[in-house]
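Right, I'll just put the structure down here and ask away after.
In order of appearance the chains are A, B and C, and numbering begins at 1 in each one.
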Amino acid sequence: MSDGIAISVDSVSQVFRTRRQSLHALDDIELEVRDGEFVTLVGRSGCGKSTLLRIIAGLLPASAGKVRVHGARVDAPRRDVSLMFQRAALLPWRSVIDNVLLPVEILKLDARVHRARAEELLALAGLEGFEGRKPYELSGGMQQRVALCRALVHDPSVLLMDEPFAALDALTREELSLELQRIWGEHRKTIVFVTHSIQEATLLADRIVVMSPRPGRIARILEVNAPRPRSLGLTARAEELDRISAELHELLFARELQAT
Amino acid sequence: MRHLTKWVFELDIRFLGSVPPTGEDELRGKVLVGAALAMLAAVALVSAASGSQAREGAGSKRALTSITYSTSFGNFGRDAYAWVALEKGYFRDAGFDVKIVPGAGSVAVAQAIAAGSVDFGPADVAAVALARAESGVTVKVVALIQQNTMAAFLALKSSGITKPTDLAGKTFADTPGSTVAVLLPLYAKRAGFDASSVKFVPSSPQALASLLVAKRVDAVGQFTVGIPTFRAATGQEVVSLPYAKVVPGLVGLGLLASDKMIRERPGDVKKFTAALLKGERWAIDNPGAAGAILNKYVPLQDPKIAADELKIMKKYAQTPDVRARGYGLVDKKRIASTISIVNNFFHPKNPASLSQLYAPGFAPSK
Amino acid sequence: MSAEITIPPGTEERLLGRRAAGAAASILLPTLTIVALVGLWWLATIVFDWKPFLVPSPKDVWNELVAQRHRLPGHVEATLVESLEGFGLAIVLGIPVAVAIAYSRLLESTIYPALIALNAIPKIAIAPLLVIWMGFGSGPKVTMVVLICFFPIVISTATGLKSTPVEFVDLVRSLAASPLQQFVKVRFPAALPFVFVGLKVAISLAVIGAVVGEFVGATKGLGYVIVASGQNANTSLAFAAIVLLSLMSILLFYALVIAERLLVPWAGQDKQ
């Protein structure tokens, strides 16, 4: 099966061709993500991080190179890889619990077992008692929590997240980052997390992949050795996180100045 | 010419661009605007002049009165006399500019005249008597187009219908306000069958022939003059069951005018009636030529079939009395008898009286 | 989630009262408007001295409704049944066509122009032909209704199916759902608000289609009543039939609105 490598990205490039021009979104990306590792992809707009995520997810075929998940070649979405997007995409005609159970229905898994699991996840996410509500009755942050439960209900081994908290206000964002960290602590998955936010990246990641745009390339990979659980509160030991934050800052902003 | 074009365009660019217009430009502008206005005025004058000239005709100086005339039913030979009066200038000589519109049966014509959207039109006297009695439609008969009713059922020979009692249990189509449909109960009673056993489907004039030939209906309500038209349209032999055989004494179509028009413009009513009756006389005497005139205005109508309709109509319209006293003759006794047949059979709310229904003085009377 | 705020006493009663007033207003205002219009109509018939066979007064129309109260229900039922049958048939035929258009580029480019051409034919022109072909029964009327309702239903459903929000599409694709699963679980429910737009347009036209069919050859129905009333210039009866037709149209439309609220409760909710 796999040798501890959950995801391997091998010389992946992506070119989008329109009638007038070609856009080099990604150029020769090489990346390995280990089982249970939390990796964040950080970069300015246009660096191709979302594109890379979609390629790993199997939603987009790469122009060149290959992606393997648990040793198997990715050419279509896999059942054991789960996605979360910036918009919660909860089906408004289903209740919260039925939304969480959507993957179970589609993948034709055991309903009863997974219903219990869904209820557990919702409780874990602080949404106990909301099972019967409809999505439009929930706030943005609550909807994303439901989306997270849905992403976990069928116990995928890999979770790919594309700026899932970007549409929320800063406070909710930080709260959900901490939630995610806690849930990940209990149900350890391989996570690839795309973000714009330096704070999120440092808070959550084992490794931070810094990407530069035009064309999208990996500029640097930073290891974050700060112990968990991490937070930005008074009890946190912030030195390591501050150092990483500062370094990220340099990388992202200096690079931009150099590019122009 | 090129100079002129260049001049115009230079002006245009100057005005549209950021270059401020010079005094010369202003002059150019004024000249162009003036020229445009002059042209518009000229066009307006010319069209007004030519328009009124078309209406007046050679040598005539006074304006023509606009009149709308409805036929009794569609654009068939039986109504051709209206186009004859138009073509031969009888209307124009009487001072009218007449527009002819197709009618859809007696009650519809009566209603349109009462409403004022149509000024004159022929309608069956019995049907109008009933309409006046039941709904108070304010119209009067001023002349009789036919002395005897031409109302009849028409059926395909292949349907096997030969006598009135054969109609029991059958289906027939006609316009809703037509004579045949309105007077069916009277016809059935006199002929001796149950009117309620007959199914009536209201239809448009244009659909009747196709309904008959498609055998969707067993018979249609029509006038006897319609036999040639239906024979041609269905391509088969047609039989007729005339109302006159079962209910003798009913007069035919009368020329209607609204109460208001009779009251306010009796001069116009008299002149128009005379012009129309002149056309009727000419059409009956010259059916072939009348058919040709109809075809000129309504190209879809076969002139020969139209002429055939007029030939059949002759014996209804040109009786010895008419030959003696003139077209449009109204025999007061006969018209009163028609009204009382209707009143006695239908027992309407407000039975119409002769004076309500007939306005004397516009046509020969007896 | 909920903060501790002190709410002054009496607020709840006031809020409830305001909501009740709002509901009452939404029924009261249209009713008052209609009453006012009827009043103006009545006044006009008196002031202009319109004869009843031209423009009947509300009283004439009411009298006619009362006089014919035993016969009119049969005609109402005839037109109603024709409208509903045609409407139902248009849904049954239209939704599969819409699905085909939404899912196949080839079918879209072949069916669409044909649909537009078909819809451009004035239905009233073929109405007499339908009578020739199908007789005086309900066939031509139901066909007219189908012809009129088909286009709006197909267009709106197809548009709805093609307008699935991209995040929903991504979601089901990422779960490797089959096309059938995608359709049943996401695409069709997401399209329902659009479908109802088409249904509401179609139902307004359905009654018109039935009446047009009845105009050219019928022996029952409210359209037939209007035509037959011309037999003795009974314009009051024609107006009475028109009043009943309008009521029928209004009730059918609002029945759909209620159905929409029940089946598609999320339409129009604020998306957060």
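Definition applied: contacts are C-beta pairs under 8 Å (C-beta built on N, C-alpha and C of every residue); 3 or more make two chains touch, one makes a residue touch a chain.
Model, not experiment: these values are computed from the prediction.
Separation of chain A from chain B in touch steps, taking the shortest path, is 2.
With respect to chain C, maximal separation of chain centres occurs for A (centres as means of Cα atoms). When the interfaces B-C and A-C are ranked by how many C-beta pairs touch across them, B-C comes first.
Rounded to whole angstrom, the centroid-to-centroid distance between chain A and chain B, based on C-alpha atoms, equals 82 Å. Chain B and chain C have centres, each the mean of its CA atoms, that are 39 Å apart.
A straight line joining the Cα centres of chain A and chain C is 47 Å long.
Across the complex, chain C is touched by residues 57-59, 76-79, 81-83, 85, 87, 89, 91-93, 102-103, 105-107, 134-136, 138-140, 143 of chain A.
Of all the residues in chain B, the ones that touch chain C in their complex are 107-108, 110-111, 114-115, 130-131, 134-138, 171, 173, 176-177, 181-182, 199-204, 206-207, 210-211, 214, 216.
Per the touch definition, chain C reaches chain B in the complex via residues 51-54, 128, 131-132, 135-136, 216-219, 224, 227-235. On chain C, the positions that touch chain A within their shared complex are 165, 167-168, 170-177, 181, 185-186, 189-190, 192, 264-266, 269-272.
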